[in-house]
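Input: structures, listed below.
Each of the next two complexes has chain A plus one other chain: chain B in the first, chain C in the second.
What follows is the complex of A and B.
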């Protein structure tokens, strides 16, 4: 399976899904013209990856998204649900969600995502100079 | 008569408008104006407020744009696409983001229904509605997630203010003001 890399733009995040180290990284703001069109290849990739990856593999997922519009939030929720299903299926999935310490809104948003999930979901505060 | 830009500018300033755009919305225009909103606010407001104003600005402008694309096949599609307007400003109640656009009169009832539901809910109920909507399965054709208005209602300091004016039998003009 190939890595998935998508470069950041002003309104879309960097996507780095690395199949060698089993690390998935989503970083940046998300408010594209059509969120579903942007996230669809990511859903497809993740579905395929979860099918192929060995059950014992520890999958680490990093999010750092200072702003997410509503249609992207829907897509992020769909990604998280895929990961949650994989976790409930016995896979080792852990999420680390980074936010800037000063940014209460980003923390609130992350907490709302976390609320309905049981998979390991760690909120990590970053200081502004980090 | 010639357009007097000085008069127009005075009227905008009198109403506290800081940034405005009128015309056809594109993603590029939304991104550039969004940056301008952020830069302006970062110098004079809290991060929280800046984030809210920016978020409401994005939801409003993307709603206007998405509505125009959803009606692009109609006879009045061009009119709708060119009818967008947005204004970000500050008045005695704080920051506001207002947007306006033409709407097919056939769509007025559904919109009014949505807005009156939102007006009847408090912040806790709005959060619940947001989460329910978030869990709904989307059809592949949709560009939006049906979450924008709920999100704005959650961020608004009071109710969402709106008006719908009839232009002719087919077209109405919708204005939405969100005080943050």
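What follows is the complex of A and C.
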């Protein structure tokens, strides 16, 4: 299985899914005109990855998304649900969600995502603004 | 209009093409290079001309003139030397001596002597032979006869007595015969003892023979070869008519004097000099003294004739210059064309591309205009589903609306409905997406709401459940596998009289300002109409008892999520609430305030999402 790397654009985040270290990273704003078209290959990749990866593997997933528009947030929700399903299947999945402490909307958004999930979902506030 | 534009473009293209054909700079370079090469050719030609000229003159002086004068002198000297020997042989013949001593009386001896004289002329190339006796003073000639009797009184015979007294073995005597126009050289050898000679014998030769040799020394039209005596008289010339004239007739006296006066030394070396004649021409001259006597052989030739070959060099240089210029011009022209061509092609290509870009831009502008027209019309349609101010004020009392779709049309809209005298509904809806897709959604949601009301659902939470069901049915009938997924966020209030308000929200909240407090009636974290939305969604119902002075605010996430400020964060709820509290104006005047605050916050950042903000007081 190959790594999945998608470069950041103004309206789409960086995607770095590293199959060697089993670390998935999504970073950046997401508000493409057609969110589903952008996230579709990511869904496909993730499905395949979850199918192939060893059950004992610990998956570390990092999010840092300052802005997610409505349709993107639906896609992120779908991603999170895939991970939730994997977790409930007995895989070791842990999410770390970074947000800037002063960005209340980002925190609110993250909290909404977290709301329906039982997998480990850690909210990490960033104080320094990078 | 289009045709006219194309014509203009075509014309412009031809003009710029022709301007490409004439490259002034290239021509300047070609001319400059040609000039340099011509100068170089002329310079090298000039240098080689002078070098060659000096070499020729040098060779002329050091070799050619010397060779000519040496060989001419040698010819004369050789001839005379041979004659001298012959004379000596004749004079020392013992038989002839005895015959002379005998007073020419011995017949037998006389026959021998006479035969000898005759034989000299008939068998050898001498014109004269003689024996002159001091005993008898008889002069015997080449015919074996006595030509005359010598006499001291006869001036013509003076040479005879001079010879006898000369004490020289051989005495050279020159005699110019004006009748024959010929010079004769006599070599007189003394007979017997030098101090007491018994007579003289010898041969005479004609210089005419040598003159014929002289003509072989003809080196040019102007060259001249002379044999002159000590007085400068010409005895022999390569041109017969000059015989008997003087050197002074042919050159300045100064030069003649120099030649004639040069009597000293044993000049075995030829002398070379040059002078300028009356016509201003440079003449090269060589002379040498003959060994036989003090005569001189003189040769001269015009410098211009010697270096005539240089004229050819001059001509060749000029011709070479012309050929070089022609070739260089040709080569430069070809090279510059080869070099210029890619550049020209690039220019043409650029022009072509520019034209294409213009064409495309025009096409794009046209198609953009079409789309914009279409969207502008879509806005008219979208605005037509929005309630008009009269409807709004009937339901909301004092109110303001800030409706700012990101693109001309959008997914945000608001909706009011009078249900009865006492009850009315107000809703703010944010459909997924913006622009045209969002606008489509608003139309669907609008008619769904209408349908639900017609089914007599009037309680907000209930309306949301119904809406969820209907939108799911409408949007996702055929899309089990597709990723297309759309839905909406909504806030809806039912207003009963002026006393009670019932609110339900799907991801949107109601903010109420009462005095300096803000109360948030939060909507549920549930979206409506998405594939992932459950079919039997239920929503919380919030009641609010209205007091005089309550102000109500509904907003879509466009306002709250708009990025900006120093850190480029979203505007956020806190700021929004602060802003509500900061409002001093009546509701109807607040739209401008909220908009300018947001505008200031976002600065140059583009609008992220559709923005709708409604404020109302119900009074």
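The rule we apply is simple: the second predicted complex is superposed on the first by the 128 of 130 C-alpha atoms of A that agree within 3 Å, B and C clash if a C-alpha of one lies under 4 Å from a C-alpha of the other, contacts with A are read in each partner's own complex, and residues count from 1 in each chain.
Criterion: a contact is a pair of C-beta atoms (placed from the backbone, for glycine too) under 8 Å apart; a residue touches a chain by one contact, two chains touch by 3 or more.
Bear in mind the structure is a predicted one, so any value in this text is a computation, not a measurement.
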Worksheet item: chain A superposed: clash or fit between chain B and chain C?
Response: clash
Fill in: Contacts of A:16 with chain B and chain C, given as first, second, both or neither
neither
Worksheet item: So, A:74: does it touch chain B (first), chain C (second), both, or neither?
Response: both
Worksheet item: Between chain B (first) and chain C (second), which does A:32 come into contact with in this model arrangement: first, second, both, or neither?
Response: first
Worksheet item: Should A:102 be classified as contacting the first partner (chain B), the second (chain C), both, or neither?
Response: both
Response to the item:
Contacts of chain A common to chain B and chain C in the A-superposed view 31, 33, 36, 67, 69-71, 74, 77, 102-106, 112
Response to the item:
Seen from chain A, its contact residues with chain C in the complex are 31, 33, 36-37, 40, 66-67, 69-71, 74, 77-78, 81, 100, 102-106, 108, 112, 115, 129
Practice prompt. Spell out the part of chain C that touches chain A in their complex, as residue ranges.
Written response: 430, 432-433, 435, 483-487, 489, 525, 527, 530, 532, 557, 560-561, 563, 567-574, 608-609
Fill in: chain B partner contacts - residues on chain A that touch it in the complex
10-11, 31-36, 67, 69-71, 73-74, 77, 102-106, 112, 116
Worksheet item: Which residues of chain B touch chain A in the complex?
Response: 27, 31, 34-35, 47-48, 51-52, 54-55, 58-59, 62, 65, 127, 131, 134-135, 138, 140, 142-145, 147-148, 150-151
